[in-house]
Amino acid sequence: MSADNELGVGMVGYAFMGAAHSQAWRTAPRFFGLALAPRMRAVAGRDEAAVRAAADRLGWDEAVVGWQSLLERDDIDLVDVCTPGDTHAEIAVAALEAGKHVLCEKPLANSVAEAEAMVAAAESAAAQGVRAMVGFTYRRVPAIALARRLVEQGRIGQVRHVRAQYLQDWIADPQAPMSWRLDKQKAGSGALGDIGAHVVDLAQYITGETLTGVTGLLETFVHERPEASSSAGLSGVADTGRTGTVTVDDAAVFLGKLSGGGLATFEATRFAWGRKNAIRLEINGSAGSLAFDFEDMNLLHFYDAAEDAATAGFRRIVVTEPEHPYGGAWWPPGHGLGYEHAFTHQVVDLVGDLAAGRQPTPSFADGLGVQRVLDAVERSAAAGGGWVSLA
Amino acid sequence: MSADNELGVGMVGYAFMGAAHSQAWRTAPRFFGLALAPRMRAVAGRDEAAVRAAADRLGWDEAVVGWQSLLERDDIDLVDVCTPGDTHAEIAVAALEAGKHVLCEKPLANSVAEAEAMVAAAESAAAQGVRAMVGFTYRRVPAIALARRLVEQGRIGQVRHVRAQYLQDWIADPQAPMSWRLDKQKAGSGALGDIGAHVVDLAQYITGETLTGVTGLLETFVHERPEASSSAGLSGVADTGRTGTVTVDDAAVFLGKLSGGGLATFEATRFAWGRKNAIRLEINGSAGSLAFDFEDMNLLHFYDAAEDAATAGFRRIVVTEPEHPYGGAWWPPGHGLGYEHAFTHQVVDLVGDLAAGRQPTPSFADGLGVQRVLDAVERSAAAGGGWVSLA
Amino acid sequence: MSADNELGVGMVGYAFMGAAHSQAWRTAPRFFGLALAPRMRAVAGRDEAAVRAAADRLGWDEAVVGWQSLLERDDIDLVDVCTPGDTHAEIAVAALEAGKHVLCEKPLANSVAEAEAMVAAAESAAAQGVRAMVGFTYRRVPAIALARRLVEQGRIGQVRHVRAQYLQDWIADPQAPMSWRLDKQKAGSGALGDIGAHVVDLAQYITGETLTGVTGLLETFVHERPEASSSAGLSGVADTGRTGTVTVDDAAVFLGKLSGGGLATFEATRFAWGRKNAIRLEINGSAGSLAFDFEDMNLLHFYDAAEDAATAGFRRIVVTEPEHPYGGAWWPPGHGLGYEHAFTHQVVDLVGDLAAGRQPTPSFADGLGVQRVLDAVERSAAAGGGWVSLA
Amino acid sequence: MSADNELGVGMVGYAFMGAAHSQAWRTAPRFFGLALAPRMRAVAGRDEAAVRAAADRLGWDEAVVGWQSLLERDDIDLVDVCTPGDTHAEIAVAALEAGKHVLCEKPLANSVAEAEAMVAAAESAAAQGVRAMVGFTYRRVPAIALARRLVEQGRIGQVRHVRAQYLQDWIADPQAPMSWRLDKQKAGSGALGDIGAHVVDLAQYITGETLTGVTGLLETFVHERPEASSSAGLSGVADTGRTGTVTVDDAAVFLGKLSGGGLATFEATRFAWGRKNAIRLEINGSAGSLAFDFEDMNLLHFYDAAEDAATAGFRRIVVTEPEHPYGGAWWPPGHGLGYEHAFTHQVVDLVGDLAAGRQPTPSFADGLGVQRVLDAVERSAAAGGGWVSLA
């Protein structure tokens, strides 16, 4: 354990997610009072030069080769797993067994079996006060946290409908290159696991309910893509003359029933030209409605059916007031936040839970719950679209 | 046949749809040059006083009791069927057999069997130059007609996704009264047939494709409702102390595959608080995207993937230019149209087709196609959500 | 006077405004219960063939050459003046003196002096029960009427700010042809009088206050334009090889103070590319705010400062409920209205006032008030932008 | 001078702006390759305990009492002035004379005379390679930088109209407490200088033109406010029982002419209920239009008049592509940025200019230009709204 009130952090992986997590660890204590002071001890990777450059750029004290070494260090209390999904189970289980808290990126794992093993490890660790959390970061977008709060307060009543979409267009162009995200070995699934996982989690989180069954379809529109010689972020340069085979879904659509009796529709696609990162959620309840679109991430729309008919209407709430979740810590009202602020909020909440000895949410069990839904969608699609119950 | 270039019209039913059709027959010749002059000869109903009042209010020359008498008159060339769905088949078939053109409100019928009989009658009649058309009026909203044109022109390429929703809230309140629209005997089905039919038709119309299979769920959220003593439009006054049993679906969600390989999601509900008549369509193709919401019915949003990345974006097209469908006949650009203008356009197109001896669209066969989709959704839902192929 | 409860109407002019008024006279009795039955007796114009064609197309019983003959007929109770502004005073004064009610298109006149004469004539006529009304039709857009109602009810408190814009782009192209609207002799002024007049009226109407002074600038961006050989609506075909000189303003911007102490900004332009008919109004009061844009004419946005900070937000009111102005007469909620519906509402209100012996609003005096504001803006602009008081 | 490629930074002031600047200095090198490495050496203030706490929270190596000591240190190369406007001139001039680069928050000064002295100091310093920049940070919002780029590229042609508003509501409530921003001694002016300055700068920056004259009105709606015992951000707690007198404007409205012949309207207010930080800019040119609202800060709307009439429309550009200004350095497309990112971009650009020996923009002369506009508005308002030329 780190001395005093420090929280020594070691991160594995340093690409897109690593950059977002680093910014969060660096920024959280500047805007929020934290009970533990995060210390960015080391980042781990396989390529020594690359990890060294990442440590410098992202602000970690050290670069180490191989994540295993992080587990042996006393000055590291938490392992932050930012690698592709095929490695989550191995790293997270080992870290928990080594007594390190774990923050693991989503999806929790590439299979239900792996996720179950992770949950088992998390439960054992919890008995020792060692905590595990999965990074469904969008829960910490203030507008989404406000949506959850309004549902909890009964402001929309009983949930009738969830309409959840995650629309992107980054591979709508057939010439967009191959990437590990299109390789089933690495990524587990395509749009379903990468972005569909988010909207499944958000639907369950905001409603406070679970899906009891699904029926769905998966589709791959473009089967062969040019191989990229290098990659940066989600894009890359395709100049090798070779092609690679896409082994994951390009798009997923599915229906579900909620435990409270409502109906849910889901869509996840990377083929929606013009939609860059459109996470859209609409929830209709017996007493009101909510609507959100990440393309306007600082807004939440709320309809209160109790209002007078002459002045009722969806309220466009600019979620930047001190009264809002995470409000007041940043800027004055109307000075909106961006994508990575949700990662900072995740650090704030996680550190608060660790300091208080509480289980952070979403837990690995929550992550497993999402994984089971994704698995059910895959089974439904494989069987031609029949109903799969999630008992 | 009417003398000269008159088109004698007789209408059956005079509620919501009858009012809209009347306004259309009255207005079309004032803004458009028509090859035939519609003459609003008679409106038919069952209650003599009521039909008389309707004739006066809506501007029909005569009121008659019983639709059958319309078929015997030489001065009536076309029968416009605006009654509930359970009477469509009987009236339309008889009218066609009597040599009258028929404009029949949607859904074409309450069952596939009835719809098939109507198609057979329409085909026989067509051989005699007698025409039949089903009133999927929203096709004539200029923004929707423009969407179809852009798809036809290849502006969005091959269709990957259709996202179609028809959201209302008029019975989200459990105290909203019973109406014939909630009675399976009269209405055939609930949200599915009443409003879901529209989005199925629009999805097939705009894409120019057909659904090859579906999987879906139906739900009734409120089973007992107060009986209304009277009704006006879609609402009514609930003051009888009695309740009635809702025998139709309150909401329908379904997935489909398009004949071109795309995925489609559908939702029809009357339980989406705050959404008054939100017909929402989004279509993503290999070369661009389209988006429409009837709550902003004069707008079409179009994304052209061929644009330069720095300036690409959904274009908010105000569909009131002379270059747009039905444009130029009404007002200067930006002076928007309303709901009933689509009915006027329907009259314009129908009269043009009759004058030219062409088959108007959508035909009864198109209506049957929609009916088969609805029937497949019902069968899927009845079987717990499995896949139903539309061979 | 017409017999019984008929209201005999004669219209002068039959272009854009004449078509809108005709549709209104024809439609009002079909959707609203009117205490007098409008009878479209005759339309008057100068060109016999053209006025004959107009009568047929627009649905008037007769076509007459010369508006004077309308004044001599017993079967005409009301003269509806739809001609360019330079003829308003002569026709309206003569009609009032002949004992005919007058509905006169805006702007009331091309000069303050003319408007004053018209007000004097209206006051004399009123003593005889003969009524005069000016056609600031946008007051009858339901969302605008609702805005007025909310201000009257004190829902936004004391007015601090009015932000009023009328943006079009129909002559942003320097090759758009000359028209009478660009000729000072006919039109009086350009954007200022044609469209600026509307937003001045709306600002005063909604707030219930008057402007106490202004400072403004006028600008003509394009001085020479091709002559059109013919015209239709606001556009035309430019093919003569000749050019005409624009003698009116292309754009007007001005500031004002309201009688209650608030600040107002105004802009009227035909050079705002992409804005087709964007009448935009925003009003901020001590207790709330309102916002409207005619490009979404069925919506009103309302912010209630009394709401809880966590859920306060502009409410997007879809102004199609029975509880809304003119609501219930048309279609179910969410089935939006279009541009010309406001003309129908104008007829409804006018007929109701005539039947009840009430002064309709806006009166000629209201029209004169607007004219004085426009005149003050012109004087301010002519003097280089100084303050002009409206005592 | 700092050794090697370090840039030693000392900051004066540590409230709202100090927090934003600190985040920028800390974040810039993590996402952008910088030719100089900023080192956050010291923050200066008057209250020892407060500045010590600020240094810890904001991440500065040292806290010092009194800004003068920063000027004496060799390890500080740049002084970042984040204090209220009444102290800008003294600090900035002294720092420049001491050979320190200066980044000074806006408005440059509270008077034209002070601003002129600052420009003189900046010019002298420039001869020594010492640079001065004023913090009109909103220029670095990617959507605004893109707007400037499109104007420069001629995409909207010659500018006809600018419509610029900065709307807030943080003191619309008369019980909102006094603050230094409402005290003319400290703040110089109210809404005009605080937020109006931004939209004046943005209008001139995006168009590349200057204002040649103005006419304007200022208004104070609430003259007495409760005194706050403490303050945080823009708000505070009003519990002293005393009141303070507001000596600045609550709102400013003004018109201007642009050097290229266009018309501009401006509004700055803190009394627009429901508008939290609505910086709205619209620019209409002879070839197209642009529109921006900071409440959707990642979007730019662009209308290209060269497009086909059938598909022309405002394009909603999500300004997060690699092709966009500052794009590619942060996250994948659609993962939006927030308020403080513009401060990071400001650091990036400033550091780049310092490393290259270039004059950064906006310069103090640019800041003086804005100050002169504000001064002209104040003179116009004081004289009752007459025209004031900016020769």
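A, B, C and D label the chains in the order they appear, each numbered from 1.
Everything that follows uses one rule, which is that contacts are C-beta pairs under 8 Å (C-beta built on N, C-alpha and C of every residue); 3 or more make two chains touch, one makes a residue touch a chain.
No experiment lies behind these values; they were computed from the predicted model shown.
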B-C versus A-B: which has more C-beta pairs touching? A-B
Taking each chain's C-alpha mean as its centre, the one farthest from chain B: D
Using Cα averages as centroids, what's the distance between chain A and chain B in whole Å? 41
Return the distance between the CA-based centres of chain B and chain D, expressed in whole Å. 54
Distance from the mean Cα position of chain C to that of chain B, given in whole angstrom: 35
Touching at least 2 other chains, the residues of chain D are 275, 312-314, 318, 322
Chain B residues within the chain D interface of the complex: 146, 150, 155, 300-302, 304, 307-318, 321-324
Which chain D residues qualify as touching chain A in the complex? 16, 19-20, 22-23, 26-27, 29-31, 57-59, 168, 170, 233-235, 275-278, 294-298, 318, 320, 322, 328, 330-341
Chain D contact footprint on chain C (complex, rising order): 156, 160-161, 163, 165, 167, 169, 172-174, 213, 215-217, 219, 221, 251, 253-255, 257, 261, 263-265, 267, 269, 271-275, 282, 284-289, 303, 305, 312-314, 384-387
